[in-house]
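Each of the two complexes below includes chain A, the first together with chain B, the second together with chain C.
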Partner chain A sequence: MAHPTQLGFQDAASPVMEELLHFHDHALMIVFLISTLVLYIIIAMVSTKLTNKYILDSQEIEIVWTVLPAVILVLIALPSLRILYLMDEINDPHLTIKAMGHQWYWSYEYTDYEDLGFDSYMIPTQDLTPGQFRLLETDHRMVVPMESPVRVLVSAEDVLHSWAVPSLGVKMDAVPGRLNQTAFIASRPGVFYGQCSEICGANHSFMPIVVEAVPLEHFESWSSLMLEDA
Partner chain B sequence: MADVIEDKIKNYRTAPFDARFPNTNQTRNCFQNYLDFHRCNKALSSKGQETSPCDWYQRVYKSLCPMSWVEKWDGQIEDGSFPGKI
Partner chain C sequence: MSLAKPAMRGLLAKRLRFHLPIAFALSLVAAAAFKYAVTEPRKQAYADFYKQYDAMKEFNAMKEAGVFQSVRPSGE
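Up next is the complex of A and B:
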């Protein structure tokens, strides 16, 4: 989850998010280098004692400052396209879950075998127990088996919503009448938080998403338990 | 043929990748399998054959389609107001 005064991304919990994180580090480093260089040049230009500063030309420097930026752009584009295609790869999911957005809660449906469906409401602040996170906890979590490719089909029952879990590198708009597919693999067990990412009315900020990745046996016992309770 | 399908259904995990619907929008994937299930049922039962091969389509649409959509469509089929051609 996010921390106060956090500057970077949340720790990655899926292989795709790890790649995105590293690419962001790479691109941001290039940005910092260029910005530092430009700042240095500005200061140098402004503080020089030289008087003949204008109407100069030089073929060499013109070539350098045309070719070098082109090279830098290629160095950014190649990893970017690699990740783009990586995210678009055909995967073979082990499990399909439907995440339906409502005003103002998510409901999850696991219908590969039995018809398991449940709602996931935010826990109000006054009902939190010590150690729980304000505005992020829900009464029922979306439990998934870890290290398994999971397909999530996102839709909405009323207005636009968006299902997002930053640590898994996932965000998908929930559009009524449309079924949007996204997929992820949770590389480690854990609890991953997200929030609705499309304005949807008064309680848009109060319909969080919690994904809990557990070993497969725990997932199987959880789903049997949920089916009994339903 | 029927036992190939039976095998596939026995080892069913979830709806597999369908090359007809390679993109993010899977709406048609869900709807097509729903249609195909009902068409398959209609076609096989009209010939007096077993409808168990149709179960594949049912497993797939159950995996993909939101339960509310399926309930709505089932209701429409009962009413006779279902918009698709079966």
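Up next is the complex of A and C:
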């Protein structure tokens, strides 16, 4: 989860998020390059009374400041497109989960083998136990096996929502009447938090998402237990 | 004694010829500084983290700390 005064991304918990992190560093490096150049030129130009009223032609500089930005754009576009296509690959998921957005909670359906479904409501602040995170915890978490490709089919039952978990590098709009697909691999075990990312009414800020990645045998025990309780 | 005629033209161009190379050099330095102070250490940090990472050991430690909802600590 995010911590107070945090400026950067949360630590990556999936290979895709690691790629996104490195791409962001690359793009930000280019931003600093251009910003430093422009800032220096601005300061150099405002700190003089010298002007040139007769700027004509100047083919050379025109070519330079057309070609250089084009090259910079290509240097940004190539890794960007690489990651875009990487994110679109759905490599034979081991598990498919349906995440349905409601006002104002998520429901998860595991229907690959048995019919397992449950709702996931935010734990109200007054019901939190020490150590739990305000506005982020849910009564039932979406449990997934770690180091396994998981496909998530996202939709909504009423209005637009969006299923997002920043540390896994996933965000997918939940549109009523439409089935959107995304996938992720949790690189390590842990608990990963997210929040609804499309305005959906009064309690839009109070329908968080919690993904719990555990080893496969524990995932199987959990799903058997959930089926018994249902 | 006559003084040399001062430069009357090309003053801005002279200033640009002086400052533009410095501007380009500084911007490259800024980019290199960010690359070697942030980008490369971050890549290395992730590589180092996963090189010796024992998922089951970390899972068990988290389990015993009571982090998970699906798996409770051994005592419970």
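Quick notes on this structure:
Note that the second predicted complex is superposed on the first by the 217 of 230 C-alpha atoms of A that agree within 3 Å, B and C clash if a C-alpha of one lies under 4 Å from a C-alpha of the other, contacts with A are read in each partner's own complex, and residues count from 1 in each chain.
We take it that a residue touches a chain if its C-beta (ideal position, glycine included) is under 8 Å from a C-beta of that chain, and two chains touch if they have at least 3 such contacts.
The structure presented is a predicted model; accordingly, all values stated were derived computationally and were not measured.
With both structures placed on the common chain, the touch criterion links A:34 to chain C but leaves chain B unconnected.
Number of chain A residues touched is higher for C, counting chain B against chain C. In the superposition on chain A, A:4 makes contact with neither chain B nor chain C. With both structures placed on the common chain, the touch criterion links A:98 to chain B but leaves chain C unconnected. When the two structures are aligned on the shared chain, A:112 is found in touch with chain B, with no touch to chain C.
Once the two complexes are laid over each other on the shared chain, residue contacts for A:130 go to neither chain B nor chain C. In the overlay built on the shared chain, the residue A:44 is in contact with chain C alone; chain B does not reach it. By the touch criterion stated above, A:187 is placed in contact with chain C alone, chain B being left untouched. Shared contact residues on chain A (touching chain B in one structure, chain C in the other): none found.
Those residues of chain B whose C-beta lies close enough to touch chain A in the complex are 12-17, 22, 24-27, 29-30, 59, 62-68.
Of all residues in chain A, only 90-96, 98, 100, 109, 111-112, 115, 117, 151, 153, 155, 157, 172, 177-182 touch chain B in the complex they form. The touching residues of chain C, counted against chain A in their complex, run 11-13, 15, 19-20, 22-24, 26-28, 30-31, 34-35, 38-39, 42-43, 46, 50, 53, 55-56, 58-59, 62, 66-71. Across the complex, chain A meets chain C through its residues 12, 18, 21-22, 25-26, 28-30, 32-34, 36-37, 40-41, 44, 48, 50-52, 131, 140-141, 143, 146-147, 187-191, 212, 214-215, 218-219, 221-222.
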